[in-house]
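Working notes for the structure below.
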Amino acid sequence: MHHISRRGMLAGAAAVALGRRAIAQGAPIKIGLMLPFSGTFAALGENIAAAFELCLAERGDRLGGRAVTLVRLDDESDPAKAPQNVNRLLERDKVDVLIGTVHSGVVMALVQAARERDVPLIIPNAGNVAATRELCAPSIFRSSFSNWQPAYGMGKALAAKGVKKACWVTWDYAAGKESGEGFRDGLRSGGGELIQVLTLPFPETNFQPILAQLPGLGVEAVGSFFAGGGAVQFVKDYAAAGLREKLPLCGSGFLTEGVLKPQGAAADGIQTALHYGDGLDNAKNTAFRAAFKQKTGRDADVYAVQGYDAGQMIAIGLDATKGDATAVKPLATAIQAAKIDSPRGTFTLSPSHNPVQTIYLREAKGGENRVIGVAADALADPGTGCKMNLP
Amino acid sequence: MRCATLRGNLLLAVAALVVACMPFYASPYHMQLASIAMIAAMFALSLQLLVGGAGMVSLAQAAFFGLGAYTVYLLGRTLGRPPSILVSLPASAAVAGIAAALIGPFALRTRGFFFLMTTLAFGQMLFFVFHDTPIGGGADGVFIQRPDLGFALTRASRTPVFLLTDLAVLAAMYAALWWLMHTLFGSVLLGIRANEDRMRAMGHNVTRVKLAAFVIAGALAGIAGHMAALNDAFVNPELLGWHRSAEALLIVLLGGIGALHGPILGAFAYTLIGEFGRSITERQRLVEGLVILAAVLLLRRGLAGLRFAR
Amino acid sequence: MTAALQAVGLSRRFGGLLAVSDVSLELSVGELHAVIGPNGAGKSTLVNLLAGEIPPTSGSVRIDGQDVTGWSAWRIARCGIGRSFQRTNLMPDMTVLENARLAVPARHLWRRLRPNHPSMANARSALARVGLADLTDRIAATLSHGQLRQLEIGVALALQPKVLLLDEPLAGMGPEESEAFAGLLRELAQDHAVLLVEHDMDVVFSVAHRMTVMLDGRVLARGAPDEIRASPAVRDAYLGHDV
Amino acid sequence: MQLAGLFAQVLNGLQYGLLLFLISSGLTLIFGVMRVINLAHGSLFMIGAYLAYALAGITGSLWLALPAAVAGGALFGAALEYTLFRRFREREHLDQVLLTFALILLFEEARSALVDNQFHSVAIPAMLDFSVRVTADFAYSAYRIAVLGICLGVAALMFIGVERTRVGSAIRAAAENAEMVDLLGIDARRLHTLVFAVGTALAMLAGALAAPLQSVYPGMGDGFLIISFVVVVIGGLGSIAGAFWAALLIGLIDTLGQAYVPQAAGTAIYVLMAAVLLFRPAGLFAKG
């Protein structure tokens, strides 16, 4: 007992004496991966983590000259437990960098910690706009998308095809609402109008009451945001209600992302917009997909790409500070200035730290979300309300 | 409700002292863990008043907890600046208590199973209000401005200060309930738990006493929620979900139904078991499920039944 | 003088069954009124109607002239109606004293109870009256059957009622205990209005001032014990029964 | 158009309500007869759906999955009653709540370990995989109509079972007064096993029927659990008829609410429940 505590004290004293130099030379940098490894989003969490590890492995598991230790923590997609889980990583495991997460409620606790304690955070999925709008901070970056972006692309593409009136169907929650606003803005940019938003409580899948209303609205197209089981069911029910031929269904890319197999023929011909898609022809993508397949035995998807790019972004930042994660300002400046060579195509970051990226128009066919064009080029989230005060 | 004897209370005081001295010897992580356990203890204490006091098993308690937490957010949003804790703490208690006073008259028209189902449904209704409407900032939850404690906090002092604040509130809540259970109200409550019909025949307005207990318990849960909001600076609709009520019931059972100090023991035990479980497996629900099964099957009188109760 | 308790035309229907049919009754302080009748005659239902446990289908109940029909049980209890139950109905895990104290009318719900609280004295005197003065600190569940029956009445007395509704207080007692109980009943009748439902005919005829005989929910006969004993109608009705 | 739209919505409401009836009738029976509160009832629904998913995957047809869900549910329910619930009948509500809460967690964990955490869709049987045009521009899936029919059939069987048979009269008696069962000369323990088996089978059948309608995914039973509680509160404890009418009422209110007054839809059923509690605390269809 006595012995241990003395050793602890000695180690502490040494760290104080050596200061920053010790960081640069010896001790590994600790990265906390707070992701869902159980529950509904487990598959997403696994793909993000695997691609992140892949990115590190390509760099010899060293960032900014320091070895890397990964600490995985299952957030269970439970927002109620999120503050406690973040504390675990920061206080118990003493991580230097946070990577997470999928669930947009859980990510709020991460954003909170990053803001309060200036810990670098890279969000590899959760798209709630607030994280890179009013809650933006120098230490917070996103490698994925804001909910607004893909839907904006879809709206724009729809308006470009001459659609004047459309409606938006979604769950009554933040992601649905925010993507609806993107869709509206996209439509408007091309002279179209969003005339109605139809919602049902999350995560209900009783779509019948909404489907029965659609024919009477007088719209030319229906846009929607659903994900996971809801997306499967909505697409199938939409087809079963005989609406597919009369009212083209389109949406934010998650409507058909990773769910084409269960959707089957009902999804054929649905156009969606997302920052990634099947058949993207660039060298980086080809190499990435091969490496990911080799590592995991699974095909890469948009979540893997986001996890991979989170790794690239933090690598750029830590390289610039020689592995010092506490130097938030130079770290942020480096990431902000970088061009990230992503499998989705090169992207940069907006002043509010959200990717400025191409949104592709895709069409579901034969189990693939094939890229058929560009819905919006170099699209940045407006970043409304972001007041970035560099420390 | 069995209240701890003098010796038991002394032991609790010693335990409080051990917690109060944590800033001198424990890591911030362990202090936070202790804070989490103490907030869980407050929440479970509020439920103990219902379960151990009047035998009312409510599944709406988390809704009052969440209301207390959300009150801090709504207060900060309305004021445009962090409210003083002297305002926010009573406000959280009042809002949660008023909600309990509105739901109580409906829920208390039922007994037993129906009471359970009704509280479950009303609790979920409140959950949906915060989950599906913009009132509370939406389904993802919102940051809140922490209540102002009256002095400035640094990043380093935050954890120990919150620890001591939580400890003070928990101690005050325990003392208040100890006093309450020693009043006539307390013994009438116990009488209702033992034999509701006879209490009626004895001239007691059982419904009103139960309503008073329901409101007090709601207000106390609101205070627990307020402390959670202070600690996390973040609120989320999930705080109101009925799973959280069930967890609090587990803490009550773990600590011992009808022992006033039980929830405190139960909350610390539950937090420790959770930490231990996390260190051995990622299957958290398996651990929690098995702990509950074991508690229900084996620990009939809870931890308090093992130690220092009359 | 108004009666302490007055029932007019009380009826209660359960589904298709008329459990109590058009029963009227008057009770004054100083009087012990016994209700007898075979099982299922509606005696317990009558007690429950008078105590407000269940509302009557028709008819009315007055306490000291005040109409209390349809009032809930606790309000009726507060008007001065104490009752004991056919099956012992107490708080088994509490002490004898605690059981009685809970029944003592008290305000100041929020005041801390101290051992010398006035309600304690009232509870003790009620217990002394039923002969439990020495057992006040025993847990109720540990009492003998006879002691529990005493406590049933003790709890009802602690309410400081004007009217006592006693539903088979002697159930399950031996002859000696019954004897002692008869004395207690006589004593209680001096300063209360007592309604006694009882099967032990020896005791009933020895303590009652007036009697009502019920059959199938209605009043078959009413009068002084001697008149009841002599009534041919009652004899007919009880043929085959244990009188 | 308005009238046609309303017709489609009413159809939706009925179909949703009937599915609710299958779930809540089991719940109300178990409450009524055994006085046991089962929070894991929603999980049984989920298990039924996953069973249908698994069997439909193996056999390629949902038609085998339906009787399998019923049979499997009956067996599973009987086993649960025999091993666990029997012991908890006399326990306090708190213990029952926690036991069934533990079951929810364990069932979820088992599902996660045995299947996975993905959502899976279940194919509609080929012979019903077409749509029936109900209005000029809205079609209704034939499978939904079949579900409507099956649920009505089950409801009719339940009515006959409860109203016309000796076991049924024991069930009705038990719902009103548990001690009456002994008087009827029926072994209460066997009755309990039977009731729990039937309740579980109904929940699992509902899950199997719903699988093609809403896919299978983790936690799919949670929403149904709460709504079923509301149905039982409104319908009255242990009353099959009450559960039937209350389920239809809630199905219609929820569906029409979502269609015509979406702002109020989320809370409408709770307002209804509060009103019922205020005016008829024993339930809308309770006797007396």
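In order of appearance the chains are A, B, C and D, and numbering begins at 1 in each one.
Basically, a residue touches a chain if its C-beta (ideal position, glycine included) is under 8 Å from a C-beta of that chain, and two chains touch if they have at least 3 such contacts.
Please read all numbers here as calculations on a predicted model, not as lab measurements.
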| item | value |
| --- | --- |
| Pair sharing more residue contacts (C-beta pairs) when B-D is set against A-B | B-D |
| Centre-most chain, if every chain is reduced to its averaged C-alpha atoms | B |
| Farthest chain relative to chain A (centres taken as mean CA coordinates) | C |
| For chain B paired with chain D, centre-to-centre distance based on mean C-alpha positions, whole Å | 32 |
| Centroid spacing, where centroids are CA-atom means, of chain A and chain C in whole angstrom | 74 |
| Centre-of-Cα separation between chain B and chain A, whole angstrom | 35 |
| Centroid spacing, where centroids are CA-atom means, of chain C and chain D in whole angstrom | 47 |
| Chain D: positions in contact with at least two other chains | 112, 266 |
| Two or more partner chains touched - positions in chain A | 38, 201 |
| Residues of chain B engaged with two or more neighbouring chains | 128, 132, 283, 285 |
| Complex contact set, residues of chain B against chain A | 27-29, 32, 36, 128, 131-132, 138-143, 155, 231-234, 236-239, 241, 244, 278, 282-285 |
| Chain B to chain D touching residues, read off their complex | 51, 55, 57, 59, 106-107, 109-110, 112-114, 116-118, 120-122, 124-125, 128-129, 132-133, 242-243, 246, 249-250, 252-253, 257, 283, 285-286, 288-290, 292-293, 295-296 |
| Chain B-facing residues of chain D, complex | 31, 35, 37, 39, 92-95, 97-99, 101-106, 108-109, 112-113, 226, 229-230, 232-233, 237, 266-267, 270, 273-274, 277-278, 281 |
| Residue ranges of chain A touching chain B (in the complex, touch as defined) | 37-38, 74, 76, 78-80, 82-84, 87-88, 91-92, 104-105, 107-109, 111-112, 116-117, 128, 130, 135, 172-174, 177, 201-202 |
| Complex interface listing, chain A residues touching chain D | 38-43, 198-201, 203-206, 208-213, 215-216, 228-229, 232-233, 236-237, 240-243, 246, 259, 262-264 |
